[in-house]
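First chain written, first letter: the chains are A, B, C and D, and each begins at residue 1.
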Amino acid sequence: MAFRTQVPVRFGDVDHAGIVYYPKFFIYFHEAFEDFFDENGVAYHALLNQRHVGFPTVHIETDYKQPLRYGDALDIEVSVPKVGARSAVFRYVGFRHRDGLHACRAEITCACVDMQSFQAMSIPDDLRALFTRFQS
Amino acid sequence: MAFRTQVPVRFGDVDHAGIVYYPKFFIYFHEAFEDFFDENGVAYHALLNQRHVGFPTVHIETDYKQPLRYGDALDIEVSVPKVGARSAVFRYVGFRHRDGLHACRAEITCACVDMQSFQAMSIPDDLRALFTRFQS
Amino acid sequence: MAFRTQVPVRFGDVDHAGIVYYPKFFIYFHEAFEDFFDENGVAYHALLNQRHVGFPTVHIETDYKQPLRYGDALDIEVSVPKVGARSAVFRYVGFRHRDGLHACRAEITCACVDMQSFQAMSIPDDLRALFTRFQS
Amino acid sequence: MAFRTQVPVRFGDVDHAGIVYYPKFFIYFHEAFEDFFDENGVAYHALLNQRHVGFPTVHIETDYKQPLRYGDALDIEVSVPKVGARSAVFRYVGFRHRDGLHACRAEITCACVDMQSFQAMSIPDDLRALFTRFQS
């Protein structure tokens, strides 16, 4: 099961070449990551501020297949193919909304970190259960 | 006396219309603001982190005169025309490097704030002396 | 009559001081500007790409009243208090969603420009009619 | 031989967690990419605008090793380990300036593209020679 969300391409997101500046895709992926938590009952800002649990990025692999332009939207499917003891891999598969073409794909490994000590920690049980629901 | 610095226009700074996206000018002005402190002997990150003094923005007036494109650079003159008890006005006058044309001008009022309590505070004497040097 | 839209504060929008980096407010205002056109029947990307009509910013006045943090959302009211021959003033009044407090206000003057020649042009009649509907 | 450049971490580059927002690293890498061309005699903006040659990103692998904070700077070494017929791999190895620790590493595959037709094209000879100088 994948979580689905959509991000619009905004006027300021394109670069000198008229297509979405590639670092912006990671902002889109992070927004999808925030939506994934927020819309599954775990407000990400409260997770950070109250429980002091965060998921800094440690490894990324990304493929770009189709450019996006201003006026496009990106449909993103989020899943969690690997759930380890102290890290998880989040997969983002993006489709250009207007034609459904596969636009991009990323696997982003995040460490589970105590945001006060900045030390690695075990993924809390409720989050592990959430990630496992979206594992396949 | 004005403080002078320069910021390059980067590939990702332009928008769908091929010119620098206007919110980016405020990032340029903030970089000039950081340079103003750093190059006058007050590391802005230490001011924030160690002395807990910051200057959040409360009012802005800006005029845009000439567009900038990728490959341009912006020469910025920073001065501090008004130094109040608990706030100061920073003036940024920008020139397009390639032809020297007046490109933009901003007056940005910043409150002096204790970053731990987020309460207004008097501008510390050493900063007041710095600002006054660049007042005219 | 004002047009209403909402933008969420994202994880990456806050700065070293833990509040929304003030240049981001202009990105929020521009998103509200895009929504204003798009949701009133004028796709802004098509206006730019097909009719070659754009609205670069020439003057800004902004007040910041309340800081926003990650997890906040900004409710924005867009109106067009002045509609001139070749320019218009867009007003953005922002409220922090969680408590309804007045957070920010901006008046942004935009020139109407032929995006092929980059010359000022008269505001087309259909856009003038749209702006006038939101004038008060 | 590697090309060396440095980017400062700016006030607005950090996120809610107080460290550089990971998408910003790709902006740093792109700035290093621009510097690589500009400081080796090939103005990247002229390459795009006059020769219509560009290098959109098609694949990324990145590791993050150390967080960066406001006040840090990132020393970046750029090399070009693979130079193909119509694509090249750019390697960015980043060190945190204050302690020299290895902070990040990315291999970014770029296609060589005719920016008017958006079709893949052979890497021009002068650029191939440049890339080969920084291959090891």
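Definition applied: a residue touches a chain if its C-beta (ideal position, glycine included) is under 8 Å from a C-beta of that chain, and two chains touch if they have at least 3 such contacts.
Note that this is a predicted model, so its numbers are computed, not measured.
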Shared chain contacts [subunit C and subunit D, defined touch]: A, B
Greatest separation from subunit D - chain, by CA centre: C
Interface composition of copies subunit B and subunit D: same or different, split at half: same
Centroid spacing, where centroids are CA-atom means, of subunit A and subunit B in whole angstrom: 33
Centroid spacing, where centroids are CA-atom means, of subunit A and subunit C in whole angstrom: 28
Geometric centre distance via CA averages, subunit C-subunit B, whole Å: 23
Per-residue multi-chain contacts in subunit D, two or more chains: 11-12, 16, 21, 23, 27, 30, 45, 48, 70
Contact footprint of subunit C on subunit D as seen in their complex: 11-12, 14-16, 18, 21, 23, 70
Subunit C residues within the subunit A interface of the complex: 10-12, 27, 30-31, 34, 43-46, 48-49, 69-71
Contact set on subunit B toward subunit C in their complex: 16-17, 19, 21-24, 26-27, 30, 45, 48, 54, 56-64, 67, 115, 118
